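Here chain A shows up in two complexes: once beside chain B, once beside chain C.
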Partner chain A sequence: MVHRTPPCRAPEVAPAPASPEQAWLPYQPGDGRPWNLGVAAHLLRRAGFGAGRARLGQALEAGPQGTIDALLRPEADTAAFDRAFDEHEGRAAETGGEAALRSWWLRRMLETPHPLQEKMTVFWLERAAADGARAGEARVLLEHVRLLRQHALGDPRTLLASLLRDPAMLLGHGGEAGRRSRPNERLARHLLENVTLGPGNFSPEDVHEAARALTGGFVQGGRYAFVPREHDAGVKRILGREGNFSGDDLAGILCEQPAAAESLARALYRWLVADEDEPERALLAPLAEAFVREHDFGQLVETVLRSNLFFSARAYRRKIKSPLEYALGLILALEGMVSTTELAQDLAALGQELFRPPSARGWAGGRRWIDEATLARRHNLAADLLRGAGRYGDRLDPYEVARRHGCEREDSAARFLVDLLLQGDADLDAGALLQAAQEAGGNPAATLRAFARALARVPEYQLA
Partner chain B sequence: MPASRRAFLKASLGASALVSFTGGVPRLLARALAAAPRAPERDTVLVVVQLTGGNDGLNTLVPFTDDVYGRSRTTLRLPAAQLHRVSADLGFHPDMQEFRGLFDQGLLSVVQGVGYPGQDRDHGGAMRAWHTAECAPGGAQSGWLGRAADLAWNPDSPGVPAAFVGSIPRPFALSAEETVVPALRSLEELVLRETEEHGGAPSDNPLLQHVRGVDRRARANSLKLEPLARQEGAAAGYPDFSLAADLHQAARLIEADLGVRMVCCELGGGGIGGFDNHANQLGNHCALLRQLAESVAAFIRDLQRIGALPRVLLMTFSEFGRTVSENGRRGTGHGEAAPLFLAGGGLAGGLIGSHPSLVDLVDDAPKHHTDFRRVYATVLEPWLGFDSKAVLGSEFAPLPLLRR
Partner chain C sequence: MKLRSVLFLALMLPFCEAPAGAQEEALAPAASWIPEDAIFALEVLRPAPLLELLCGERTCARVTSLPAYRRNEGTKEFQDFLGLIKLLEAKLGTDWRGALARLTSGGWTFALCPGGAALLIIDGSDADMLQSLHEVLLGIARAEAEKQGEAERVSSSDYAGVTCWTFDGQGAHALIGSRLVLASSQAALRAALDLQAGDGAATLATVPPFQAARLAALQDAAACLYLDLARLRRAPRVQRALEESRQKPLAALLLAGISEALRDSSWLAGALRLEQDTLVLDVTLCETERDPEDPAAFALPATPGDGALPNLGLPRRVAALSLYRDLARFYAAKDDLFPERTSELIFFENMMGIFFTGRELTGEVLAQARPTMRLVVAEQEYDPAIGTPLVQLPAFAAVFELSEPEEFAEVMEEAWQKALGLINFTRGQQALPGLIIDRVDHGDTRMTVAYFSSAGAEERARLHQRYNFRPALARRGEHLILSSAEGLARDLLDALGRDAREAPLPGADTLLELDGGQLASLLEANHATLVEQNMVEKGHTMDEAEAEVSTVIALARLVERLELCAGSVQGAARFRAAARLDLAAPAR
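Moving on, here comes the complex of A and B:
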């Protein structure tokens, strides 16, 4: 007998803030400003890769600001976790190469007690856009990720200065031989155009002079070496400043530029808030000003996450899940673990191969993640992940998860899954879906797997 | 492609003040194209077959009356009587009878003496040049077909503008900056194993509208592809070669009308080996050329059967030709110029350009007289309707390959 599930309630989200001042004030739930499962799941998707029911429950309990406190400063022993994973990854880089490294990184994203840090590490990975094919050895890529992770929520000047001594960054952008007689403009241009200032905010002379500041930097045997006699010690004129600048100076100069502040604030907005919304300059101004004043990227991330804007309709479901967010979100929600070696290959087929950005601008992202081929492959990936057999095994078991949370009957387990995966955001006839799943299934475990597969195919589920 | 759309492409590409060429092809350009209405399902298609390893052009289209050929190829010389002659001096390899048949019907053209300046005869470097259309080592992060795919992508109807069909990793030629170009072993990968209709109240969220639209079309595609993906190559007259199987899948992709404009396949295995015959070339080269000729001929017949031949053009390429002399191991070394083959219904047919001299050589290899980017420009602009300059970075004069 089929139990009809009641129609899902409409999502409840605060309206977009009226002014830039309102936008960045911390969100306080209250009249018209809900704190419910939908909004909590939104926070955990954006500030990480999604969450299971227990984590969602904790968030509901702690409230938005308390949850963000824990996201920024996890109570768990992150140092011990990092030590263990650093060891795994070090071994993987030695023996398994780039593919093994990718696999371990996905695993780290799934298990980390500090998901926000990993999420922002991927942000900087996209911004740095170093082509892993040029790195030569996996150790170089491992060091690249460690550096990005270490500074992902820190001082962008330090991050930038470190990147300018990072073998993966230099090799990835053809800057491994900073000869005084031939300053490398490719790396310098990338730094100005894609990492900091953005197009149109510098001149060809700035690129040339920045390249001069970087001379003396070499990659030898996969390690950075500064060769003083190759460094051009003359006076450089960069963005109106004059002096005998080095790479470190260059990092500092770039981070003082309002254009860099605005460009990074815009990128962060797109990363955390919305794919296609073009935020007006006045809206970004407080972020950009704080960037130039404090040089604290973690603070910027915190401001965005805590804000009225972040919890409003202007942000809610206004991003398309990257393949990474799509797959990891499903795995985290279902409290399981799968082969991340397989997963890394499937993500590459969906267009997101870590360490292999399609261009120096990183991945295009947004709606470019979804076309007629990638969407078909997303659906087929969910089918594989939730088949209960085959290359992903049977460790994702939606019925077991529902039972763990007290839902024994198929219809209540189905309701549980709708709340877990969609929080009522999709206009769907769960009863009909369950009936179809029962026909495909046979036993409750198979039925709920089929039901979860159907939920993962819902258009709303593709939105972050 | 209707004239109006082509005119639009030209008009919008002409006004390229916003276009910046740093690091490849401009996003703004793609945005400008967004406004173009999607071309009808009956758009032209380009199929590119990569011959990996450096094909020996001299033993593919053989200059059998040239004494230098006879003298230089002491063990690899092909007997004139066994060749399939296409002119008084040239004949296809004995195993390429099918190419002669296509040639006689005007369905096959040969562009002779194709290469590029600065050929360094290194597999990696030469392949990269053909893939990126950038002949001096530069920073290109995308391939020429990938850039064309970015141009073809229409946000209102994001179909599958390009695909690789085969079992090696996707060739770099298909690397795009924004479009995810799929590498398919089989069309099954685009068939939805389970599916249902997704309704829902109208939404003002453009991203949700986008996903819903793509979802509807992916389901419709799947319905079209499902019966096609189940078809057997043998039933459609394809021989039992991997290239034939891949071309059979490519034909089904074209038949399904998903808006695909460019398909890439490969012969040779992608890595070491294939056409790279440094020793005992004869037997291996025979086998590869037979696979090429028979697979392409089966593909052309298949396209004829489904009525798609007038809108499909196939071209081959290989990273370089080979040396005129043998190397003492019944093989040949890395060379330069080689012939390139085109097959399809829209061709002018015949031999294009002269056979390169076997006397005026560069380091024992025939010199090129036709830059391969002129072939690219021809298949991109008059054939596919893209602005070739936007893809290739500069202007290349098209060749008289197409029937007017």
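Moving on, here comes the complex of A and C:
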């Protein structure tokens, strides 16, 4: 017996703000500014990796600003969690190398009480774009991630200065031997072009002088060492500033540049708001100004998340999910835990192998996440996760989740899943999908697995 | 799925009404109900001792102490299951062990036929009890089917005067007196009924190798097994596996004799015996003449009294493997054995070319090793002055017997130091610490040891895993030892000095021994790492992973000793597997 579910409704979100000033003002639900399941899920997707029904319920209860408060300053004991996971990751790095570390990081993303911090750690990982293949030891990569996590929502000057003493960063960009006689321009160019200023905002001379400032830094036995006699103590001219600059000075100079502020604001916009439209400079200006004034990246993130713009049609479902977001979102929604060892391999096949960026520019993201081949692989990954057997076993059980939330019948469980995964955003005939799933299924658990697989293939589900 | 149904019904056998008296009919042996083309058959002729071993009080005590059991006993499903057992026991007035004994006292026969058809025939001594059991199960199946709106899937039909039942629309079963016949399909059940009706078709009982296996088993075995290798080899997956083992030099070397026997023999027969707490399986393959001149005969002992040596007794030994392999002959026949030059063969030749510069590999190097070689794996003891690695890997070593030990010792020393140099060079390129080569004495033996410096190591209880390696080269008399760890090399030197050379095991070419207790100790030492690995590999919670790892460790402890021996007697390949179970040890 098939019970037809009602047609899915169109998303209800606020229209795009009319001016830059309005754009960054805090969002207050009200007339034409909804706070519903779809908008709450939007927030939890962007500020983390997604959520299950219970967490969505909490968010609906707390309202947007309350939910953002909790995202920025979780009530849970994050220190205890971090201690336990630091221990797991430390052992994994020693015993299983880079692959084990990757598995544990994915596990951490799925279990963390502070998803925003982890999401921003990935943001910085992409910008740092250190090639893990050159790191030698997984311990070096572990320290790299810890550093990024520690400063992900802090002062970018401190982060940048730390990165310039980070073995993974130096090894990953060929900067492991900062000899005075041969300054490493590759690392310097990467810092200027990809991490801070962006292309076109510096000259070849700036690169050379920045490389001179970095001399003296070496990686020895997987650890950073500063060798004073190899440091070029001469005067350098970088971006109009002149002096005997060190790496720390360079970090400060770069972060003071308006171009760096705009570049980071743009990157943050693409990370949290929308990855295809090109934001106007005027729209980004308030963010860039706040950055130059306060150098508080966490504050910048908070401003974006709380903003009218973030909750508007200009942001809603305006990002293409990365493979990481696609897979973790599905797992979190279905309140399960899977083999992250297998998952890491599948994400690599989809083009997102953590610690192995395709180039110094990191992952291109956006539309480039999806082509014919990767779309088919995404569908295969969803099918594998939801098969109920095989590599991922039966760790994800959509029917069980639906029952846990009071939906015992197949049709009500199907409606539950549509709300959970798509929040009614897709124009789909859920009844027909359920009927097809029933034919493929055989029992409620198998039917709901097939139904969830079908939902994960819907175009709207590819959007964050 | 069909097989699962068969097994489910078999497991539910004991729960039935108390017997009201048995009316026995003489039935043909179970093998006469099985088609002659059965690929595999297992006949349990004396169920009582096996039941005692597998379901006895001691085994149950061990099983119920397993972490996985303890973890599951609190679940609703498990409680429901236990409730059902208790209810049935109360209703029957007997415990489940007694019921099981009466319902299976005549033996069990399981067979797999081409196309995946499975047949399980169970002979008991109480037809009334069997009938009652069926009534109970029928009631449960009907209620379940009706609940799911599929009442029609539980049905019966008559065939050859016998009522054939199905509970799930797929599997089928029938009761004939005190015999229960379970089949994976209606067709398989009907085929069995046709055979018992005497339709003239040949049955497994008439197959000579099966008869021989049964005859041997009847003497003192609890069970016998039969495998039609000729039919099994037609399966593409089996073909592929055999072909792959032939193409891989290392697999061909280790599995020599075994893979040839499986490839050439048409059948395999085995007898399972129970000797106190030890399960012994003796397997014979059909006689196939092995040509001593064949390129693959490098594992064939040169003389009738020759064979692999007994393994060396060592402290903390986890596993030991003794082989009879003529390495020079193996390598000389490589072009015949492996027409395609694989990358591993090319790598091996390149390395040997570096290590033994200027020497012809077959005649001047490999011929120095006599065919008797022994490999050993042992848990390590770590020097407190150095520290303990976070992951404790076992040490492993190879012991060769040299033809000309005095002349070859220096050649080997040079090759060993070249290998260490190569390792150091490669690690140096990766900015990793290298090995320091040293010469140390053990009694009157001088050996070469290489080690990683531990100077500056911060956490002595969490050293890097490279500290598991302290490679050593040593020679005592004609014995050459290559070991991953100095400690194991010293233990081997002691063992070789202590024990006189034991006589070879005539006809044996492979002897593998595994010490479950020591394996458990090694796993226990890496418990935290294994749990963490389990968590990310399977998506388990820490509790789930703990339970699974602890269960594996407990099972390893349960198998006190496992021994596998392969060889040939008068042209027929023989295998012997013996597992001694430690049922008495307290669960930890």
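FYI, the second predicted complex is superposed on the first by the 464 of 464 C-alpha atoms of A that agree within 3 Å, B and C clash if a C-alpha of one lies under 4 Å from a C-alpha of the other, contacts with A are read in each partner's own complex, and residues count from 1 in each chain.
Note that contacts are C-beta pairs under 8 Å (C-beta built on N, C-alpha and C of every residue); 3 or more make two chains touch, one makes a residue touch a chain.
All values reported here derive from a predicted model rather than from experimental measurement.
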| item | value |
| --- | --- |
| Touching partner for A:180 - first (chain B), second (chain C), both, neither | neither |
| Contacts of A:392 with chain B and chain C, given as first, second, both or neither | second |
| Partner with the higher number of touched chain A residues, chain C or chain B | B |
| Partner chain(s) touched by A:146 [first = chain B, second = chain C, both, neither] | neither |
| Touching partner for A:208 - first (chain B), second (chain C), both, neither | neither |
| First (chain B), second (chain C), both or neither touched by A:92 | second |
| Shared contact residues on chain A - chain B and chain C | none |
| Residues of chain B that touch chain A when the two form their complex | 20, 22-24, 27, 139, 141-142, 153, 155, 158-160, 163, 175-180, 182-183, 189-196, 198-201, 205-208, 210-212, 214-215, 217-218, 221-222, 258 |
| Contact set on chain A toward chain B in their complex | 131, 174, 186, 189-190, 193, 199, 275-276, 317-320, 349-351, 358-361, 364, 366-377, 379-380, 383, 426-428, 433, 436, 440, 450, 453-454, 457-460, 462-463 |
| Footprint of chain A on chain C - complex, ascending | 148, 390-391, 430-433, 462, 464-465, 528-529, 532-533, 535-541 |
| Residue numbers on chain A that touch chain C, as the complex places them | 88, 91-92, 94-96, 100, 103-104, 106-107, 136-137, 219-222, 336-342, 392-393, 395, 443 |
